[in-house]
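Lettered A, B, C and D in written order, each chain numbered from 1.
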Amino acid sequence: MLKKVDMQIRKTNVIALDTVEMVLKSTYISQTAVPGQFLHVNVPGHTLRRPISIADVNRETETITILFKTIGSGTKKLASYLPGMKVNALGPCGKGFPIDNEVPSNVLLIGGGIGVPPLYYLGKTLAKKNINMISVLGFQTAINVFYENAFSQFSDTHIVTNDGTYGEAGFVTAVLDKIGDYDRYYACGPLPMLQAITKELDHKSGYISLEERMGCGVGACFACVIPTDDHGGYKKICRDGPVFKAQEVCL
Amino acid sequence: MMDLTAQLPGLNLKNPIMPASGCFGFGREYSEFYDLSKLGAIMMKAATGEERLGNKTPRVAETPSGMLNAIGLQNPGVDKIIETEVPFLANYDISLIANIAGSTIKEYEKVASAFNETDKVHALELNISCPNVKKGGIQFGTDPSMAAEVTKVVKKASNLPVYVKLSPNVSDIIAMAKAVEEAGADGLSMINTLTGMQIHLPSKKPIIANKTGGLSGAAIKPVAIRMIYEVKQHVNIPIIGMGGINTADDVLEFLLAGASAVAIGTANFRNPFICTEIIEALPEVLSKYGFQSVQDAVGKGHDIE
Amino acid sequence: MMDLTAQLPGLNLKNPIMPASGCFGFGREYSEFYDLSKLGAIMMKAATGEERLGNKTPRVAETPSGMLNAIGLQNPGVDKIIETEVPFLANYDISLIANIAGSTIKEYEKVASAFNETDKVHALELNISCPNVKKGGIQFGTDPSMAAEVTKVVKKASNLPVYVKLSPNVSDIIAMAKAVEEAGADGLSMINTLTGMQIHLPSKKPIIANKTGGLSGAAIKPVAIRMIYEVKQHVNIPIIGMGGINTADDVLEFLLAGASAVAIGTANFRNPFICTEIIEALPEVLSKYGFQSVQDAVGKGHDIE
Amino acid sequence: MLKKVDMQIRKTNVIALDTVEMVLKSTYISQTAVPGQFLHVNVPGHTLRRPISIADVNRETETITILFKTIGSGTKKLASYLPGMKVNALGPCGKGFPIDNEVPSNVLLIGGGIGVPPLYYLGKTLAKKNINMISVLGFQTAINVFYENAFSQFSDTHIVTNDGTYGEAGFVTAVLDKIGDYDRYYACGPLPMLQAITKELDHKSGYISLEERMGCGVGACFACVIPTDDHGGYKKICRDGPVFKAQEVCL
């Protein structure tokens, strides 16, 4: 269940260009969050909260990790916060990646830029189920790359940069036919990436995590809808998502 | 004990606080945060004759001390709302206000009369300020005679008190208020959002897919207070005030300006508990400024001549 | 090097930045902070036929991301302005825009023609949005035909290009813009302040002595952008944009919406150097978003069909 | 000349109920400010600056002291600032108390509540000129009282509280006929106090310091005007004041 929580910042760290890793203490979130869920983070002085994915959870230390890119005034302010200070969030929001007994034994994780974080907690969780994983992580350029080692702990990890300054050159789709076999993919990243992937991998079972500008973050305001295939209706990304079956939504 | 009650046509409120239409859905999501019976009332999301899918996304954007939205009246249609949402809300000890919208006078009439079928709804809020409701190019919400016309039709169709929700995007808010009062409105609800736009520099396009959106939040509070203050001096029907309320102090400011009850919209997004927190804080604020009750404060910002 | 110049009727600007009328006096105070020649132009404080003492105090109040003001056109009168203020400003290498106001059409005519006596002023900004300028109870600023009338009179009286300053407190900003364009306006200046009010809880009275005041600052930027965007599609005269500008990014947003130059008002109060800092930051912002010049960005937020 | 300066907070201290004393480092302000001038203080997140009087200046340490009451959001935020942080201000603003060779040898300082601070720097300055001073300082109630000792260093100091919980009971006017002789008064405090004083002491030479809501603080916006006796005109409190001859303005 969604709660409003105050979390103390335990650690903050710039891990790549304009990319901050923040560790937060929250008993409730650490015990309830599943991979793919997000926090709706309050930034004082701002009318709207900021949705940020849960990138990792540590149930022993009762901490969670978020990773965010400093884009505008909200994330910049958040980045200026120091350990000891408190961050207020609604969470865990939305539905995560389905991690049931049906998960096939070979899966592919595809992350683009700041879409990479939720896949980390997913990968760590799947690793405990002994799932074989391949990760394809795309970034703009070398100084944006993060979490390569982290993903290598549980997966065969391929880094792609748009400009070829690190790993393979091009978009994540450039390497999809060069990697091993898999029966399902999980993807998170910018819309064009998701559009390309769902098209190219339309024969595969896949789950994608979507972004949209949000109001409430809890399903009440209808800001974050996405058209679904069935009866011309919509789903709410904040409540029914952010993870959807690739075939379920029209990108 | 501070008397927080408020009596308005059809509405016997234990306190003057209600979530504003469109900012609270049909209450289900916020019912997970607190017991909705704590509220004075709930203004439901707009109902139209048939299901509406609304606008393309992005539908919201943040602005200085405010936000823009262009949801586009997405809702499952009045029949579905009466069938599935009203019974859910009827479980709570609150007044229910149905916000009704339409593209034609006929649609308004249909939606209004549909609510006659249930005895769980206590009043209608007539949303004439929705930008895509036009007739002959003029919006119902900006033309006094058209506003009066739709008010009359809805009053005739409905057996419930009708609160007309006024748009602030007008040259003469007093003329609008007087027109709908004369047409039979039982109350006013003001203000709806100010029309605004934000342009996204990287894409060089308006952020909101619909281009323009409605500005709400603290930024518009001075406009809301001004309009309520002005209208209060010219009408004899009660006003439900809204526009940028974030604190119990803000509520008192609306009461002083002339509102008999208030609605809270945008502030729910930052703080899902805002309505209950304000209900709890209100008695102390009222007594701090020397009031014995909510009723006592209504209109007290006006010179007493 | 980035080309910051802007050419508008009567105004050959080295950059598109100017302080907005009423927020910069006649430049004397800010000339102690920096060399006024850095500015593109200056919009002087309103001039009326005779000296005006303005409203009672308090005249300003702070609001979320904005402020209210009701100065009430305090100024020493047009003759004194031409005698003592214009010569001071003429020492600087900038365009001068005189903001003119009045209570009657006759007064507007008098003020406008008074500026024919000096060759130091390059354009007039016709302030028709001042709340105490009425005729038959209707404000010049909210009635298209009356706005057209005063525009015609001033155009006839003056040998300078006339920019009509539009009020945002209208149902139909496009109708206002088209009316004054047809009446001969050389340009538009928009927006003036939104009418608002704040009630002071301890005294239970409006804070501003005049009760209502004009809302300015970041809070109103979305309304300004929307109106400029809408008007741009319906007129062929240039727009000087204003309303809540605080950064060079904001300036670009106004250019994309359709402004050819911009004015900065309220932001001067927090930061007396705001105009020069924005002038310095603008080239980088323009090139970051792929523009070669100010001119290049004007209107680029509109779909190119 | 008015400048925009960044000042580092050296010390902050709650010295009475809701009353904060803040010591700020500024070479420029400390070297140029005269008694009665004020700072126009920036509070991030606020559209308008806050006018606060200069309560003391130390030219050796290059610091200035301000005293403020936490009234609303601006002063509350300012009160939350810690030593080491910076405060931006325009200053020194306005014209101060005239301290010329004409100052008579016996003067009276009358301060009400948060109008007391500017009189302190004035008193210290006059003390160096060997002027005899009487101070009458009025507060609402005992817990609001501050700077009694400080004023006692250079003047015969009388404290008055409205409710009589400390010193004499009543308004400052209550003691005016019980004190020694003086040839000029300097007053700062709430408008009703100034109105009462200027009326009661209309036979004396006097200077009063006024407050008004301000926009620019530099004389450009005409927000802070006060009617003057001559030709029905106005003066600007921020630029021509905040100190005026008692007879010069109409309260």
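Here is the rule we go by: a contact is a pair of C-beta atoms (placed from the backbone, for glycine too) under 8 Å apart; a residue touches a chain by one contact, two chains touch by 3 or more.
Values in this document were obtained by computation on a predicted structure and should not be read as measured data.
Visitor: For chain A and chain C, let me know how many angstrom lie between their CA-based centres, rounded off.
Guide: Each chain reduced to its C-alpha mean, chain A and chain C end up 46 Å apart.
Visitor: From the mean C-alpha coordinate of chain C to that of chain D, what's the distance rounded to whole Å?
Guide: The mean C-alpha positions of chain C and chain D differ by 36 Å.
Visitor: Using the touch rule from the top of the page, what residues of chain C touch 2 or more other chains?
Guide: 63, 65-66, 217-218
Visitor: Among line, ring, star, complete and other, which best matches the way these chains touch?
Guide: line
Visitor: Tell me, which pairs of chains are in touch?
Guide: A-B, B-C, C-D
Visitor: Give the list of chain C residues in touch with chain D in this complex.
Guide: 22-25, 28-30, 32-33, 45, 53-54, 57-63, 65-67, 69, 71, 74, 207, 217-218, 266, 268-273
Visitor: State the interface residues of chain B toward chain C in the complex, per the touch definition above.
Guide: 63-66, 68, 142-143, 169-172, 194-199, 201-202, 204-206, 211-213, 215, 217-223, 225-226, 229-230, 244, 249, 252-253, 256-257, 289, 300-301, 303
Visitor: List the residues on chain A that touch chain B in their complex, please.
Guide: 1-2, 4, 42, 46-49, 74, 90, 212-227, 232-234, 239
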